[in-house]
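Two complexes, one shared chain (chain A), two partners (chain B, chain C).
Showing the complex of A and B:
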């Protein structure tokens, strides 16, 4: 029987950073707190009327903090405290998921490479202002290209510690 | 001593010496040398021992096809890599390489006795010989065979290196940077698209590296590629495999070519490349010839000798004989002659050879033997001479030499083409399979496409010989020690398909995957069977193209980052209160909270007693949660779950049981109707993703007409269970807007309001049998609310309890845990949950299966309680249950123990079990045979505490 030494740092010991981390050409930080809603509807017009906001029409487009993730699905990322009305009696669904996810921000000329290391999409071809649901390795994320070199990454709360440290592992000279 | 360094030539840097060791002896080479070229330059011909017969072996090829010269490279503790091919190992100062598969030394290998006894080790020997007696396999045969088998040693310590990984995208991916690949890359790059060019060697150039006439062009092309910012050139990178839709995985070796003290950063990098078009320019591999003694060290491929001379400046011998059936052997011989290697003779089985080749040989004063074949080799650990004979049968003629070069024609490298399910066609001129059709945007160029001129030749590799096939030691697969006669034997044994012949003989099944042996094996089988090659078929190529480290495939998924460990927002609090954890799915959950020197049993007993007598607080945040919204929400749940949902009033909760189509329980949970069109579902911790996927699947494929949407809210809500007779008193002072009185807020109800100033969904539910509440708050406030409840609880003697206590408390009440008390073959009735099946419902998922004959047949395993005759004996979960402990083994097993605990509340052990016909056995005594003796237990109803449920109203 071969004895394998204990690993130096276990998954249980990983910490979710609180302060921004700078690497060569890339900075990792937390996004400001947000209000988050999962919006679903058979007809976008019905939903838009209920929440009183415009909805982007094409999958991957964003408009006023709302991204279209699927044929009947939108994801709203709005300033903290924004309240959207619950729908009742209409073919639509508004669910508050503000607490479900955390926002991480990768910015700088090296951000694309960090994100591309674990995301199978061709992110270089993703336009500014576009958003999509995808994965980073095995973890589901929503990626929002806010500017040429600024990427907002939504990740479910309990996966954030792993993702933060997975980003650090590929950020050159992160400190 | 045979091989030596030529006076000039090669791409090595003769001003820079590199010192290394081989089998512990000091050796040296020049910068740019491979381990093979440096050792050959110093006269080393013996590189390894063969797998089965331990025959001495030398170098066969100069590339990744090398089957013989496998070495272990030692880069320090944890960094020992076996089975590296010496021609592909770049030397550096301090390199420590060791030969393999020999005992005790390469020159004197005692296990070579296998070679003397080889007549007793034919193909299929192991399958036949070690069958009987059956018992001897585990104790005698297997341990001995295991010690002898295998190439190289497995690692025994943790790999200290780390490995990088990335995705990459390009319009054109070119695999192989020989002349054809470089041309394809330049052409693609000119259109402006992103181009990735990858090559497995130390530098790009492929075959051009062995042709000084192309070096000027190569330098120019390399510079041009390097200057283009839309081109990424990756050398030391092997394309491991081609997967669907032009997804190519490649591994880049970053540090192994550097001295240990110069190696910084990751050892390898995995490139996961999605390409618009893939161009395969992987070249071709020369085929050996199959004749008696073709494995003696010093017998090698002509292309290898050419590479050693022209790329590395190393002559493989002082007197070299070429055995060709192909023009390329003549061309290589002439190139070697020009480079200063003494070619003594060219032997060619063909009588007719192109006149320019014959003239070239004559001008170089090389003796030519057309129509001749080599029939044997003299020498054991090195070539001393050859015997040649006219047409292989004539009178033997001796030629002195110290190296023999084989030119058996060329095999296009179609591995990745085949990974992509590209079809192949047989090409007579090549005597090989070449690419035909593909459904991917994929094409081959250069030699791997069959579009390269190596000249003409004979297709078959087996030379005519005076000895009958079954007496000859002519090797086909060098690494697995498969001889031509083994293939003959396989056919004699009745195998016809190449897939069967391959497995019987193990031809092509070594770490080189038959790069030099597949086609020769195929053609020999074709000859023996008297059927055309195309009717015998070709074995399938599978990734990886060459052996690949696990490290690169794992990338960053190792150690702490191996996979996410999910923690709740209350996890830190639990840690600071001494929690002992257990992992549930990807979550870690507090299992119990020991105080002082308490062990688990003591802590759990205290926690259980406190919950039953006062109150306990439990972090249930990991429960899966799904918000179901839409006017058809109730209809949807009615179809999914076994029980009726449409009649559930807003503000009330219901236990839901979820079956698969097969009628077996797959999940359960308590769910609440918040509004006519809004439900808050809960699932098991481990089932959350599975249940959501299943529900989405039904919604999207079966019932797309329903106006209902599902949103995972598992992580939106932190859940704090407050359970026990004092539960109401603990939360009451913290609540706003919810009347907690039993009249206003009965068991199985839900209310929305505020706690500690934040919104809450408050459930009055109980998994303990006590008065209980589950406080749902947005996760960001979970820790604050937990601490407030904890502080309030302290006034009432509250404990924090973990999953172990939760398990005991629910077992006392007979509540099942899906996956523990069920195993995927348990129906609601089996589990005693028949009451949860809506008898009047027209349909629900799994309903039809519940009427299947075997589901309604008597004698199915049913969930029962067990009380051991010795109240302190705690059964082992998973233990088998029998009716008659005196029955001889194998006994009739009636079922197994699913849950078993010591109950502090009851002062005795309790258990649940699945037992055949269990409910008809109430009061029977059954037996649980254990290593330390048989335990007897009485069958009872699975309900051990407060059967009338009065405590819920506490």
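Showing the complex of A and C:
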């Protein structure tokens, strides 16, 4: 009979850290609590008028905490407690998705290498202040480059434990 | 990794962000209730399956989320061009 080695770590043993982890040249932590909104509209002007904020016009651009993810889709990442007006009677939608995702922050000169270990995008070419939806391995994330060495990663809650541990596993090797 | 140019993002993005959506430019029945079994079979199952230039739909599912059309060579796997949904066949 073939002996099958036990899996080193089972899913039940994975824990989502609560405290920041400082590695060599990279720090992993949770982002401050955020209010998150999914904003949809075919006509950006209608949506901008409803929420009373400017919307970035080009996919990948961000403006005042709002990222343009698609031609008719924006993602607002605002300080916790921020309340956006809801839409009534107009072809637009403002949906509170605050509890859907968690924000993880990678900081330091090694942060790019940690993210690039699982993300197929050429993140080195991504400008500061740009944001995009993409994948880390097979998990969908939204990457937001807040500064040269600071990356905010939005991930759906149920994937957060796995992503946290995936980052931890790579951090010792990121230089 | 294969890079696909998304006509909405206006960027070449990695293939794993995309999902294949089958042959493009297949018109839905205007009046479905009048379709015969043969016409339904044609619409649902019969595809051109060419060797060479193939018009197909792709979705940038882990990006902007949009469907678009692409022309890909089924022999070499080279993407000739991509264009927005609703534009004329290229």
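Here is the rule we use: the second predicted complex is superposed on the first by the 170 of 175 C-alpha atoms of A that agree within 3 Å, B and C clash if a C-alpha of one lies under 4 Å from a C-alpha of the other, contacts with A are read in each partner's own complex, and residues count from 1 in each chain.
The rule is simple: a contact is a pair of C-beta atoms (placed from the backbone, for glycine too) under 8 Å apart; a residue touches a chain by one contact, two chains touch by 3 or more.
All values reported here derive from a predicted model rather than from experimental measurement.
Visitor: Taking the superposition on A as described, I'd like to know which of chain B and chain C A:85 touches: first, second, both or neither.
Guide: Touch partners of A:85: none, neither chain B nor chain C.
Visitor: Touching A:97 in the superposition: chain B (first), chain C (second), both, neither?
Guide: first
Visitor: Which partner does A:52 reach: the first (chain B), the second (chain C), both, or neither?
Guide: So A:52 meets neither chain B nor chain C here.
Visitor: Quick one: is A:134 in contact with chain B, with chain C, with both, or with neither? Answer first, second, both or neither.
Guide: The second partner, chain C, only.
Visitor: Looking at the overlay, what does A:156 touch: chain B (first), chain C (second), both, or neither?
Guide: The first partner, chain B, only.
Visitor: Does the superposition put A:69 against chain B (first), chain C (second), both, or neither?
Guide: In the superposition, A:69 touches chain C alone.
Visitor: After superposition on the shared chain, which partner residues are touched by A:120: those of chain B (first), chain C (second), both, or neither?
Guide: Both partners, chain B and chain C.
Visitor: So which positions on chain A get touched by both chain B and chain C?
Guide: 120-121
Visitor: Enumerate the contact residues on chain B facing chain A in the complex.
Guide: That would be residues 156-158, 164-169, 272, 274, 555-557, 559-569, 581, 587-588, 627, 629-631, 675-678, 707-709, 711-717, 778-781 of chain B.
Visitor: Per the contact definition, I'd like the list of chain C residues that touch chain A in the complex.
Guide: 1, 8-11, 13-14, 16-17, 62-66
Visitor: Write out the stretch or stretches of chain A touching chain C in their complex.
Guide: 59-60, 69-71, 73, 120-121, 132-135, 140
Visitor: For the complex, give me every residue of chain A touching chain B.
Guide: Residues in contact with chain B: 2, 4-5, 7-14, 38, 40, 42, 72, 86-101, 113, 116-122, 124-125, 137-139, 156-159, 161-163, 165-166, 169-170.
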